[in-house]
Amino acid sequence: MIWNGWVLALITGQIGVVAINATAFANAFRIIFHWNTSSMSARQLDLERRSELIATIVSWSLLFQVFSLVVFEITARSLASFIPGAMCTTGTLQAHPLGWPILFVKMSALYLYGWWTVINHVDMQVEGFPLTKLKNWYMVVLFPLLALDLLMQVVYFTGLDPSVISSCCGVIFEVGAEGFGSSVASLPPKGTQVALTGFVLVLIISSVLGKWITTDIGKIVYSLGSLAGLIVGVAGVIAFIAPYTYMMPALHCPFIFLDQEHLNYGYLVYMPLFGASFLGTSVGILVTLENRFPSLKLTVDRISLNFLRYSGGLWGLFLLFAYAPIVKFWLETGGTADLFRVGY
Amino acid sequence: MDGIGAGSGGGIPVVNIISVRQVTKTFYEHQPNEFTAVKEISIDIAAGGTTVLAGPSGSGKTTLLALMGLISRPTSGRISILGKETSLLGERLRTLFRRQHVGFIFQHFQLIGDLNARDNLDLVLYQEGLPLKSIRARRDQLLERFGLLGKASYKAAVLSGGEKQRLAIARSLMNDPEIVLVDEPTAHLDTALSLDVIELFRQLNRGGKTLVIASHDPLVVNSGIAARIIDLRDGRVVQES
Amino acid sequence: MRSFLYTADFALKRLLRSRTKNLSITCLFALIVFLLSGVDFMSGALYHETLKAIDFQPAIIAQNVKAGRQVPIDLAPIKEISSIPGVSSVRGRLWGYYFDPYTGANYTIVGDPGDLEASWKLVCRSPDGHERGQPEPLKNGEAFVGEGIARVRHVGMDGLLNFRDHAARPVSFTVKGFFSSPVSLWTHDLIVVREDDAREFFGLSERSAWDLAIDVPNELEVANVGEKILRIMPGARVIATSQLKRTYGSSYGFRSGMLMSVSVICLLAFLILAYDRVAQLSREEQREIAILKAVGWETRDVIRMNMLQSLILSLTGFLLGIVLSYVHVFTAGAPLLRIVFSGWSVLYPQHPLPPLVDLSRVFGLMFMTVVPYLAVGIIPVWTVSVRDPEEVFRS
């Protein structure tokens, strides 16, 4: 078992978050069973209040989950020096079968909590509480994920064995080698650049035209596009954004540039990426809601338009930060050299 | 539940701004100290006039006022204001509606003593998200109108009874409501101040506001300010005039 | 957006109204953050120092061990070891510890093979602090001394250090220079003398040294070379210094973990207090919330205001704690924490560690302090904000 101050910090914080969400979970059950919109009894009033509590808990948990994700990455990085073969976060994650799953669970938690907040926001704007039952079922399903997150982390950190050799990012994201990470790293850099840029530009343009794309299909397409954009974006990070940031064509690690050594630049790339894809996918969810609950139409239209606009702006920001290292490289080498041809 | 209906007495169609239908309010339900303050009351309040709810203390005036002001929810019955059925609205929408259309003056003023007069007024509009300039302009306008500009930076706790009353009235007007509900305005005032306050209410009425005043003070009841007087006793309407 | 700003402003003003109570909470919070971050800064900085020191070490150190303890090693196998492919150089090292009864400190006395400045990047200084670059080579009976020792023994240029050698015979060294190094841990207990002086001081024979330093430039070959050395010298202890990084890391991790556990208990106690602060409201405060709601604030707005209050308090306390801790560790030399970390050696006087602050680590500290504080406050805040104003007015 490997343990340091960071692991303690991470687990402590996570326990706090799980504890507070357990309350939300219990209350959600209560609401599911007794909610009656047309009642004026004291119980209904009480349930309305509890609904308020759940909303508060979830919105703050969203913030806490952001911390949780960031600190998990930092913790994994701090442990890398104790694990033979590991030189950065990738190695630590690789050292135990739960490593990568935990990362994905935490990332999904962000989106899931975010979507809940969006649904809640809509529910509050309209009379009649149409989305309350849905919200609370959602909460009931969400909480086990959070508890699972904590459990996985405990198992993971106690299970880390300093005598087991792990692989570092040079191996996991090696060009031409086998394995998922390597396949992504092996994507042709120019091709990926074009694909990513093209894709994101399409998204940006759609968001700008958003006022005129009022069809549901259009919005759902945008939403799915945002999801795909997230995946393509991460692939882009591995394929060419990271190498350009490090100025090292063979280094494809998606974590190192989060470090202070690189001025925490990675956050500037990831934050707009996550934000844009979150808002984009939310549009799809809003559209689905609107179809199921026609009374929401006006509110949802307004909100989805806003989301569309902000999402487009964030995609633009992402492109800006993704390409800044490349532009920097071009400026420094007089605009002619190609990083990847230099390397191999 | 109608927005338009006949007022008591005349055949002239009057717009009812508040409509109370078979409303009951019970406190501490299912507990040993349960009691019903308002029993199946139905009232229509016409727009633009002043109505006085008279009756001894404990007759349910305050509760009825709170129900009309959407501060409280009825145990049963329906209340509609400005044509909108409000009984089943969730807390959020009820508060929003109230913030936009109703001003309330409490029996014990309910000012925040630690804050100065300015802040007590400002905070009413914080959640509306208006620009700071408009909030300040409105606040200063009201302070001036009620002669409180000089005491603007004084803490509410150190103001005299009359000043507190005027501040409470000013606060109820910050959001420019159509309806102003007043609970026992003269309870803490001497005769001279009471008459001043009654005169203020007359002005408000002339300004187009609908007033409902709950009071058992004969000064108010007999002042002639009211177009209509509703007598309450033990939670029921006993007489109207 | 505007309503958020107004609410935040109101929250701040509200906090300032009960100044004493809130100030004490902020200070308590700052204290806990101070402890936790001090531990983090300290161990991080020391660890990095140690890493730097290890970087100067040879790839492999070979020691002779008898009955589980380290004993002098014979120099004979050097020739054979240097012929192992991958080995670039082998030399015997002469060094040892000296306990100074006058100060109760341990010094490290090193016999200089002639390349200390190059390999350890020692910089010679004259007493007034100026660099003297290449000093004259040491003669017998002379020593270069780390700045820390100079201070503790109150010895200046040409001063005398009077020690007793392995046979308790009095030996004197004349101080001919002071040095500092990028690795500050060293310069505070290091004394450099001529190799033959060191040999005599510690009583090591001509054909032995304390350990062997073996350089293996290619990291990947270290394991192989180590095995071969073991074959040449069975029973010897062969240490790959890259392993040392891990051991030190664990050791620092362990110590910092211990201190952290104590701090965490304090944090828990504090959280209970925090819960209490929010849950127990005076009548006046309850009335104020009821007024807000009666005047048009939603429950949501009141909750937001209360949470903002908690946020302002905890963030202020956090910043205060971090800044104080930074000053304490990096400017004042961390008098309070040093003892836990430096363990056996008392000799770490004004030991300014180079400032090492990783902003993202601060994030983790927030997760451990601010987040639980906010989480603990959510339910009491809600309980208080949700009350019906009428109910409050009646009572």
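We just call them A, B and C in the order they show up, numbering each chain from 1.
The criterion applied here is as follows: contacts are C-beta pairs under 8 Å (C-beta built on N, C-alpha and C of every residue); 3 or more make two chains touch, one makes a residue touch a chain.
Please read all numbers here as calculations on a predicted model, not as lab measurements.
Q: What topology does the chain touch graph have (line, ring, star, complete, other)?
A: Topology of touching chains reads as complete, every chain touching all others.
Q: Highest contact-pair count belongs to which two chains?
A: Looking across every pairing, the one with the most contacts is A-C.
Q: Any idea which chain sits dead centre by C-alpha averages?
A: Taking the mean of C-alpha atoms per chain, the most central one is A.
Q: CA centre of chain B versus CA centre of chain C: separation in Å?
A: Once rounded, the distance between the two centres reads 66 Å.
Q: What whole-Å value do you get for the distance between chain A and chain C if each is reduced to the mean of its CA atoms?
A: 34
Q: Taking each chain's centre as its mean C-alpha position, how far apart are chain A and chain B in Å?
A: That gives a centre separation of 50 Å.
Q: Using the touch rule from the top of the page, what residues of chain B touch 2 or more other chains?
A: 91-92, in rising order.
Q: Of all residues in chain C, which are in touch with two or more distinct other chains?
A: Residues 299-300.
Q: Residues of chain A that contact two or more other chains, please.
A: Within chain A, the residues that touch at least two other chains are 52.
Q: So in the complex, which bits of chain B are touching chain C?
A: On the chain B side, the touching residues are 66, 71-72, 91-92, 95-96, 98-99, 104, 106, 108, 110-114, 119, 123-124, 126-132, 171, 175.
Q: Looking at the complex, which residues from chain C come into contact with chain B?
A: The touching residues are 1-3, 6-7, 10, 13, 17, 284, 287-288, 290-301, 388-390, 393.
Q: Enumerate the contact residues on chain A facing chain B in the complex.
A: Those in contact with chain B are residues 37-38, 40, 42, 45, 48, 52, 124, 127, 129.
Q: Sort out for me which residues of chain C touch chain A in the complex.
A: Listed in rising order, the residues of chain C that touch chain A are 39-40, 43, 245-246, 249-250, 253, 256-257, 260-261, 264, 267, 299-300, 303, 307, 358-361, 363-368, 371-372, 374-376, 378-379, 381-382, 386.
Q: So in the complex, the part of chain A that touches chain C is made up of which residues?
A: These residues of chain A touch chain C: 3-6, 8-10, 12-13, 16-17, 19-20, 23, 49, 52-53, 55-57, 60, 64, 67-68, 70-71, 74-75, 81-82, 84, 162, 258-260, 264.
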